[in-house]
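Below is one structure. I have some questions about it.
Labels A, B, C, D and E are assigned to the chains in the order they are written; within every chain, residues are numbered from 1.
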Amino acid sequence: MDIASVIGLILGVMLLVASILIAEGASFGAFIDYPSLMVVVGGAFAAVLMAFPLKNMLALGNVVRTVFLNKQHSIPELIELIVSLAETARRDGLLALESKLQDIDNPFVVLGIQMSVDGTPQEVIDDIMRTEMDAVATRHASGKALLDQLGRFAPAFGMIGTLMGLIIMLGNMDDPSSIGSGMAVALITTLYGAIFSNLLCLPFAEKLGFLNKQEMLAMEIVVRGVMGIQSGDNPRVIAQKLQTFIPPKQRAERRAA
Amino acid sequence: MDIASVIGLILGVMLLVASILIAEGASFGAFIDYPSLMVVVGGAFAAVLMAFPLKNMLALGNVVRTVFLNKQHSIPELIELIVSLAETARRDGLLALESKLQDIDNPFVVLGIQMSVDGTPQEVIDDIMRTEMDAVATRHASGKALLDQLGRFAPAFGMIGTLMGLIIMLGNMDDPSSIGSGMAVALITTLYGAIFSNLLCLPFAEKLGFLNKQEMLAMEIVVRGVMGIQSGDNPRVIAQKLQTFIPPKQRAERRAA
Amino acid sequence: MDIASVIGLILGVMLLVASILIAEGASFGAFIDYPSLMVVVGGAFAAVLMAFPLKNMLALGNVVRTVFLNKQHSIPELIELIVSLAETARRDGLLALESKLQDIDNPFVVLGIQMSVDGTPQEVIDDIMRTEMDAVATRHASGKALLDQLGRFAPAFGMIGTLMGLIIMLGNMDDPSSIGSGMAVALITTLYGAIFSNLLCLPFAEKLGFLNKQEMLAMEIVVRGVMGIQSGDNPRVIAQKLQTFIPPKQRAERRAA
Amino acid sequence: MDIASVIGLILGVMLLVASILIAEGASFGAFIDYPSLMVVVGGAFAAVLMAFPLKNMLALGNVVRTVFLNKQHSIPELIELIVSLAETARRDGLLALESKLQDIDNPFVVLGIQMSVDGTPQEVIDDIMRTEMDAVATRHASGKALLDQLGRFAPAFGMIGTLMGLIIMLGNMDDPSSIGSGMAVALITTLYGAIFSNLLCLPFAEKLGFLNKQEMLAMEIVVRGVMGIQSGDNPRVIAQKLQTFIPPKQRAERRAA
Amino acid sequence: MDIASVIGLILGVMLLVASILIAEGASFGAFIDYPSLMVVVGGAFAAVLMAFPLKNMLALGNVVRTVFLNKQHSIPELIELIVSLAETARRDGLLALESKLQDIDNPFVVLGIQMSVDGTPQEVIDDIMRTEMDAVATRHASGKALLDQLGRFAPAFGMIGTLMGLIIMLGNMDDPSSIGSGMAVALITTLYGAIFSNLLCLPFAEKLGFLNKQEMLAMEIVVRGVMGIQSGDNPRVIAQKLQTFIPPKQRAERRAA
């Protein structure tokens, strides 16, 4: 679970709730208006539905789950795993890796090692693993694009809602005492648009971009490691090569361990 | 037909209509003002007419049709088709493909196979097919640019209309009771600009960009497939090569089939 | 003459004029204020004068003329011309082209053919023609940059004028009846800035960018054609090569002709 | 210590404080509102917590310290140091450098020289030093990204706070005398957002970008110098090569010295 | 002296002054407020001080001087000069150039020729001259960045000042007659920010970018010319090569001369 995302979301919501609780003369009721929510969130989704294929929209749930449930890859542990597999392969042969596969929970390592064990030619393994990398990058990119667009259309529909509210209010000015409340309702859509965009869509989109960079690095390390194992490289050489991907400080720790 | 685009557009319009129906004291009449529509949409079209050649403007209908009527290419089916053509060519010779052409509804495949059957030299086929790809990409890019510019000029003319409405209203303040309605009318152009841009132009532009990427992928696969067929490559080799364009999961399904 | 630019400009102006005519209680007088025009357009020109060398500013008239008076190059006709010149050169020798030069109204073709006839070495011709292409591209780019900057500074000076008008108005609030008209005058500069930018500068800048792309394509075709003619290539080969620059549909038409 | 950053921050704060002191009828109390501070700064941090991994957030203190406590590298002095090390190595052998290491306070030079003394192969030294450069660049880039995002979300939460304040105020218009103070409080969040962004986050982000460029240059010089020393190059040749990184004027000064 | 920059600045200032003189009921006094000037200009400088190293700030005077006092390089004259030097070198030997150096007022030409006369090896001359080019480009780029940032922070501090003014005004609403003047003062900072940015910083930044491009072209021509002179190339060949940098029209003029 991604602690930072969870804390950030809870913190953000709590701050807004607390600031209403503290404010004199404020009530939650004044901030809840379902038609406004419908215009802003519904409108943003409608625009995004037009902009993307249906299947990308349907994957939105997975995208949000990724933001909250991603496991941070420990790159040093990943290198540790690959080096230990390389040692097994060196000592007992490539086929000895088959029995180890069920203990590995990184499916990309499993994919690579399985193909090695099956005797798939090296260039085919490389090709298939890199296509998988591209597929993951594309999935992340299209998830990020979807969130970015939601975060761009939500404030636009917030403004559309406010303009509509103002026009309705201005047409009913016979009763001046209702001007204040009419205007308050009109402003709520802009508020919803700003919150939906800045507390949900945009931070999630940034996070996805970050996770993608991190995952590509981990996958690159796996591809190089599997190639090394299949070529029968010395495990120490593999370790040395993969460690150039991590900063010296973490490298030193590993050596000490 | 592109279901997502249709649903998105209907959803967006319905949300706006519903929010007017629900709102107390609101009437549709307050939201309909033909001169305002004329200034915003007409002004945006005038600006875009100046910015693009006439023929690009005239192609706008086709562009919008593309957004709604595009067929999603099924990449796996396309590969299936090319591989089956390769098998026929392998078994019965290139000329045997001629009889199959009328059953193919992908005109780009037909173009490539027809040239192969006619004995056109490989580099000429490659050249002509890539020029066609460039032409499609350019057509999509200029359609997208046009929608992007419409979506950029519409809010600008919305603001121009609102400023004009405010200046007229401020010059007629003798009757204070008319201020509200004058201001409501002034705001309508900004509302129209925001809706025209965010519910039509910008989502359509995004969709075109997406469709272009997808079509370029499909066309690339066709070009490589036709080249392979003409060279008399083994159908299994062709299948293997083309499948690197699709993610392993879909590839596996195909194998199972 | 560029019909689209002319229609677009007339349409845009007519829409704004019509919307004033239609509006109840509006008079043209309320929209005309010379000092405001002076601040917005003068201010934008002052900023651009500081940003660009004097000679670029002086070329602005030519830039605007280009937007309205450009001839759309017919690429197929251009290829036709080059191929016919190649046929003459093939049949009667390079020198025979000299007598044809006066009938050609494309000065870039004349430049290239003249140098070929004069016996200028091929690499010098290529060098000189490409330098001319760079000069045209640079001229277009600096014209576009100038219009883009005008379109960026005009709204800024519109806002400056409105702020000045508001400050003057707020300092003279003794007579409340003048507030409305004072504010109307203040808003006029913002209106002028928005119209000057969105109905003139920005669409013109877009058009120049488009014309440049088109002219570069035409010039590239001329350079390649002249090179082919000088090398004594077969006219059919030249035609084939140049036609890869145009989409198959137009190519087919030409063949039919 | 980075004098410019310190002066800039003190100057900016003093200007704002002075302008309140000078203003007639203003009191500091009117500008201090803790819940507003909480919404703006807390909200921006919440959004950034969602967008970045926790460890990047925790490094924010270091990032800010870097902005204020960075030592400006003197590139000429750095070259001086490397050349003197090269002279020692030339005269007394590589091992003689070991005794000099404790006098060097640039840890990156120490890292490189130590590896040279240890007999680490040249390509391994190069690899490790460049990985360290990448790690520093990545750390700076992620620090800059964090500050850029804080500077982008703070004004957004400022606007959210103002909208909330306006809605509360508009719902309590029974007492007109409270409208002014309610609106003042509502505007404070926008003010906080603008100050937090423009006086802290954005200038700091710019500075980090600048420091990174400067540090990369210094590290590049160290890497090249260490490579030269290990290869046993003539110290004068090393000096000449490294001096191409600094402008001739500073180079001349050095020669004179 | 750069006539366009001077005219532009005077024109801009005069337009603003004239529009105040013309306006009914306006006085200069209403537009002058020293604390506001302090907040906007001081605040922008404070932010830029934090963002850049101190020495870049101190060079701001030179940057502004460059905008106004730059000499437009005449590229054809520069080529003329280099060709005449090449002719002297051809006729009387490289050393004969020494006596001509004092008549040349382009220091970059002097630098190159002096090194040639001194017998500096060709690659060292090339290296030193290109490092000098990089230094000039970097100096221009950092000057441009500084002006761009000033032009970005000035409106931000203008808005900060206006918010502060509004909050003060809203806290003192007991005397309604003072609302107008309070608001006028509040708006002055936004006005100052917009003028400082759009009439000074941004046009100057654009001009610097333009001057840099022009100077890089001139320096490139000098480098190539000096290389040609040192290699003892035929002056006519040097002339021909350098003239490819200028458009044919100017080239023709030179030939005619």
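The rule we apply is simple: a contact is a pair of C-beta atoms (placed from the backbone, for glycine too) under 8 Å apart; a residue touches a chain by one contact, two chains touch by 3 or more.
Quick caveat: nothing in here was measured; it's all calculated off a predicted structure.
A.B. asks: Would you kindly tell me how far, in whole Å, the mean C-alpha position of chain E lies from that of chain C?
C.D. replies: 27
A.B. asks: Can you check how far apart chain A and chain E are, centre to centre, with Cα atoms defining each centre and the answer in Å?
C.D. replies: A distance of 44 Å separates the two centres.
A.B. asks: Residue numbers in chain E touching 2 or more other chains?
C.D. replies: none
A.B. asks: Name the graph shape formed by the protein chains and their touching pairs; answer line, ring, star, complete or other.
C.D. replies: ring
A.B. asks: Listed in ring order from chain D, and going the way that reaches chain E first, which chains are there?
C.D. replies: Traced from chain D through chain E, the chains around the ring are D, E, C, B, A.
A.B. asks: For chain A, which residues are in contact with chain B within the complex?
C.D. replies: For this pair, the touching residues of chain A are 35-36, 38-39, 42-43, 45-54, 57, 111, 127-128, 131-132, 135, 149, 153, 156-157, 159-161, 163-168, 170-173.
A.B. asks: Note which residues of chain C are touching chain B in the complex, please.
C.D. replies: 2-5, 7-9, 11-12, 15-16, 18-20, 22-23, 25-27, 30-31, 67, 72, 177, 180-181, 183-184, 187-188, 190-191, 194-195, 197-199, 202-204, 206-207, 210, 244-248
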